[in-house]
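In what follows, chain A forms one complex with chain B and a second complex with chain C.
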Partner chain A sequence: MAPEKTAQEKTPFIAKAKGFVVNLFKPKERVSADAGEKNNWKAWLYLAPCIILLAVFTFYPLINTIAIAFLKNYDYIQQTSEGFTLENFGVVLGLVGYTQSGDMVMRWNCTSFRSGGVVGSFIDAGGVVRDAYFTMDVIKYAFPNTLIITFITVPISIIIALFIAIGLNSIPAFHKALQTIFFVPYVTNAIAVGMVFAVLFDYQGIINYLFGLGSLTWIDQGAPAWRAMIALCVYIVWHSLPFKILILLSGLQNIDKQYYDAAKIDSASGFKTMMNVTVPLLSPQILYIMITSFIGAFKEYTSVVGLLGKPSTDGGGTNNMYTVVYYIYDMVKGNVQYGAAAAVLLFIIILIFTGIQFKVSKKRVHY
Partner chain B sequence: MAYDNRNFIQKLLKMPTAAEKQAAREAKPEYQAIKTSGMTLTIKDRAKSADQLAKAQKVGRILWLVVVYAFLLFMALIVLFPFYWMVITSLKSTTEIRSLNQTFFPTHVLWSNYITVFNSFDFGTYVGNTLVVGVISTLGTLLTTIFAAFAFARLNFKGREAIFGILLATMMIPGEMMVITNYITVSRLPWFEFANGGVQMIDGWLTTKSAVFAAMIVPFWVSVFYIYLLRQNFKQIPNELYLAAKVDGKSDWQYLWKVMVPLASPTLISIFILKLMGAWNSYVWPNLVTTNDPSWRLVTNALRGSFTNSSGEPQYGIQMAATILVTVPLLLLFIFFRKYIMRGVGRAGIKG
Partner chain C sequence: MEIRIKDLTKVFPGNPKKGIPDTYAVDNLNIVVPDGQLVGLLGPSGCGKSTTLYMVSGLLEPTNGEIWFGDEDVTDLEPEKRGIGLVFQNYALYPHMTVYKNVAFPLTNLRLVEPVLGEDGKQLMNVDGKPEFKKRKLTKDEIDKIVRETARIVQIEPYLERKPNQLSGGQQQRVAIARALVKKPKVLLLDEPLSNLDARLRLQTREEIRRIQQSTGITTIFVTHDQEEAMSISDKIVVMKLGVKQQEGVPQDVYNDPCNKFVANFLGTPPINLFKGLLKDHKLYIGNDCVREITPEEVEEAAKLGRDLNDQEVTIGIRPEGIVIDERAPEMFHFHVNRILTMGRDIMLVSDHEQKLSDTKFVIDAFTKVSVGDVVCAVKPHKCFAFSLADGEPRLI
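This part shows the complex of A and B:
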């Protein structure tokens, strides 16, 4: 990787020589013996606070949450349940519903649906038509919204950040000042700035005024979900740019100038140089950003809270702006087992996406 | 029968064959013998001389810079615009905010929004809560981080690499997995309250102020990422210093506090500030655990949902004034510790 190479080159000869001489006289055996077995208990003492806290608040919760996802009717106050089940996943995915008396009904046994798929009618064993109630929040709103947010904001913000970083790297003056300005959104409060964007996208707000859109509703009650989604994506891109610019810029500054001299001798155009020199040499940073921002976008929550305050723009009261994490947090105090099932699904999705990106990166990323 | 089927299509369409084309080309003056005596040689690239090329390159570069600066300035404007709008909206009256013609500067600069915020919104309490929670959780994190990073960077023990690997793997797990169980955990843990001259045991960390604060602090006393960051920093400290300290008869404990911590202080400052900012911005967890009493809230979760009038219409002027009060301390931190924050984020990239 380029950074390490330059660091090595910068090490002055004297320091190298000194390091060599010191290494020559280093009493290797004695130190490792001293720092070996004897230090075992001491090391554990140093690690104890961290390990205890992680055990209670990270490892145990991880196992427990997965366990809760497979428990029927889990009660977190009494810590009781009715045993192992897969129903929670079915409920979260909208496949399992319940009648008012609590009987379980599968979605494919229903003959017709009302209220956007929430209420399904089925004919029971006695030949009576009855209603079953399904949870459609996740499958109908949370998952699609989360995927839309991810696949819109991640590519757009990476491309914009790449242009800004390359621009910043190529200018002779005001480099530091502009870099600082572009970093400012990072040090803001996601909720607070979300509220500012709510003012910008108000139906009497500046966005409508500037673009002459009359009093188009974006985020207010009654606005269609896709328009609220546009506002949300604009905000997420705005808020996620600084981190990406910072990482890309530090990557750019580590690219050896020789590559550009070589490209110049070959009289490569600016665009060609960017595509064939800059982007491949930046690929480790781009991969890092892709992975972190994919995970971040899958967990989008505070941006929705900041911008909308509630997971809905719909007058009818459906949660049409739910994200997966929003759903999980809404379930914490109520139906924990559904929240846990959704969290497990989210975890699996994140693992799959990260795995795919690592797989692709093996072919594409130049270290 | 001998039939010449070469150039069949050309014959069919009455087009010149390749051989005929070549002959026509050679008939042109450029292909005739050239008298080279009395000529001067100028090297040209795409019909331009070196001088012209240099000039064109210069002009091209200037034009390119103009484009780059224009783009960067435009993007900078977009980045800064929400801040500008936040400031001027906080100085406007509700009628001006709601007027059809948006104004880019308030016609009447109205400071009363800020006064309303201070009167109706218990800003001091929330800031106080946030500072208490932020500082205590940050100091605790620094301690556990220093100890763990020291063990991983300097001490040899069985399973060191394996444990470190497991710790790093936890960073991949979405925090939502933990929140569900942690909420159950803190609502069941015993808490000891000093009341009526004695110690009282309470079930759960959600009912009294000190317990709720503990719930907002203790789970955040450990951060794998900062351990990783500090371990990298500790590893850069040359071995010779450790040996020298050993020769001087210093213990590991003294070496850690007298040598390693001072040398790693830039990283520690970065961690301190990022963690403090994380506490200031934390929303999800405080929102879950402070429901029993609004006066236990932290700044951010108190902010959202405040200042809507009786009909549910948000009062933007007052909201923006409160938003500024929440944003300004962060910006001040950024101005004073820009270097530490950007360096920390550059290597970290994880908030809070």
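This part shows the complex of A and C:
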């Protein structure tokens, strides 16, 4: 009995191998290839405008940015540099500093620091104590601020957008009118909105008046960074709601009403229906807005310009309201290689977060 | 649990400005569903049968009328408080939950009311001197036990960990029934449960529904447009047309004794053959052929029922199985056979007649000798009906 069984098991493998060998020597069928090749140039012609524009304005800058990030003392005008280096990343992360005479110093060689870590003292080869200067804007302000903005505004705005979308979907009477009202922030210029918010959050503004806070400073000179951050987050959440509401609303309208009838028959409460029916069935849309708004929040910049006009609330002493992109923007004037290095770092961070989101979503998103 | 539907009416308001009149989806419907029986609501699409079902479920509010479950008036009760299970036409299984979770979902919302017992095992009284109760959720083990038991009844045990889209139509159907049954409802409502299945599965699943219904003894209302389906598994059928009940009764009775042309035409495959005819001197004529004589007893009975058997033009209906090829018959019916279709057990004569009002098809035993051309036959009296041309086309004989 046993040998017979093994023979049976082997047969399909032998047959497969035979088939493979036979197929190897067969002439390949070319019908589809011929038909495709004839019209190929036409396809490329139709694609050309798009590809050319993308190549000039997207692909080339993308590759060029990565290249610049690894070049020492890149000169933007003359397109020259002093060769390959990893220094730029070190400078952005505050690990590499320079003395006034231009000598490179590593942070871990310094014995003491002053001025919030910007100035470090080290003992040089000759035994003399000297000062080196480090860039702390990114590691101290830009990265933390960007992370705070991302992890506060994205969840809050998604949850608020979800409630508004569900609310809008359940009152058909003023549906169209309300939808228009909620969509207004989307078509309003970010700078204009920022100016309005700047008035609202002024120390003599409406927010203080409404909540009876006296003349509390939010965004004016001398306001603490955390209070400016609150104003900034309120502004970002408000401005990012309409797009999310729009996406969620279209998703809601595609959910079969019978699921709600079924939930009703199953005596599920309103909240339970939302958590067990609405949210899972909306999960593709939620994932979409989560990823796009995570990326958007990491790139936040216009809001700071719109609301504060400058990356600081303490009279320009420190750049305490920097975001990563604001830093990159500032570096374009003169220190483009540092901007490029920061952009590459931001890209890696966004890549990691998006990857994590996709991984998590595999279990939670139901298409 | 007996279900009584009294004067149930549902009006969908029209738009007078645009000249759209109100729609009477269900008009003064009265039905009694006896305890533990399966009743089929039957009718063509748009006859109000689904509307009726949704009103019984509570998802639609009736414009008028009452719905009673036993001694309880549930007309204004919320759907979740009615103790019903509803199977939707497209099942409405939650696509993101496994079969197990789908079936368990109703149970997770359930609250048990239990008496609060003191240390001596007696029920405690509250301050007002009334017995005290407390509500609690079902435990995981209790839910698991009920889910598995229900899964066993509808035979979906092997699929509990799958998602609905990994199941076939018939399996999804059974999951939907399991979800409806898991709360042990007093009433089970099925909305066109077989319409998404292929022909073979439909046959199988309808047996299954009947088996489940009988094993649980649950009072069931079943909506369908397929007369064969309704007749085969229902204890009682209710035939509806344009929101109005036409006839109700045991399927075979309704088939044998239809009250009007609509019911006669709606029940039976192939459908009844209709001819222009004449009622004269208590005889039925199609053309010059006298196909049936009305006996004095039948005349007496018709008089009791208030049926008018005076001479008049009528529509005559002959069931496909209602002829016997016999040239010696006293009442003869001549017709022309165009084609003969062999169906194995029977043969079907695709026929033609000058007076026909519908496709003419007769079914006879396979051993009968017959050939294409003119044929003479006798008509079985109890398979031959006459309908008035008056409003509603009621049956005369």
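The rule we apply is simple: the second predicted complex is superposed on the first by the 330 of 367 C-alpha atoms of A that agree within 3 Å, B and C clash if a C-alpha of one lies under 4 Å from a C-alpha of the other, contacts with A are read in each partner's own complex, and residues count from 1 in each chain.
Here is the rule we go by: a contact is a pair of C-beta atoms (placed from the backbone, for glycine too) under 8 Å apart; a residue touches a chain by one contact, two chains touch by 3 or more.
Quick caveat: nothing in here was measured; it's all calculated off a predicted structure.
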- Message: Per the contact definition in the header, classify A:F57: touching chain B only (first), chain C only (second), both, or neither.
- Response: first
- Message: Output check: A:A262 vs chain B and chain C. Expected answer is one of first, second, both, neither. What do you get?
- Response: second
- Task: For A:V277, decide between first (touching chain B), second (touching chain C), both and neither.
- Result: second
- Message: Just to be sure I read the superposition right, which of the two partners does A:F84 touch: chain B = first, chain C = second, or both, or neither?
- Response: neither
- Message: With both complexes superposed on chain A, which partner does A:I295 reach: first (chain B), second (chain C), both or neither?
- Response: first
- Message: One more residue to check, A:F358. First (chain B), second (chain C), both or neither?
- Response: neither
- Item | Touching partner for A:F151 - first (chain B), second (chain C), both, neither | neither
- Determine, for the superposed model, which of the two partners chain B and chain C contacts more residues of chain A. B
- Which chain A residues come up in both lists, the one for chain B and the one for chain C? none
- Which residues of chain A touch chain C in the complex? 256, 258-259, 261-262, 264-269, 272, 276-277, 280-281, 283, 366
- Task: Over in the complex, which chain C residues touch chain A? Could you list them?
- Result: 57, 59, 79-81, 84-86, 88, 90, 92, 94-97, 105-106, 109-110, 179-180, 183
- Message: So in the complex, the part of chain A that touches chain B is made up of which residues?
- Response: 22, 26, 31-32, 34-36, 39-40, 42-44, 46-47, 49-50, 53-54, 56-62, 64-66, 68, 76-77, 79, 160, 163-164, 167-168, 170-172, 178, 180-193, 195-200, 202, 204-206, 209-210, 238, 241, 243, 246-247, 250, 270, 288, 292, 295, 298-299, 301-302, 305-306, 309, 325, 328-329, 331-333, 336, 339-340, 343-344, 346-347, 350-351, 354
- Item | Of all residues in chain B, those that touch chain A in their complex | 64-65, 68-69, 71-72, 75-76, 78-80, 82-83, 85-86, 89, 97-102, 143-145, 147-148, 150-151, 154-158, 160, 163, 167, 170, 172-185, 187-188, 218-219, 221-222, 224, 227, 239-240, 243, 246, 252, 277, 280-281, 283-284, 288, 300-301, 303-305, 314, 316, 319-320, 323, 326-327, 330-331, 333-334, 338, 341-342, 345-346, 349-350
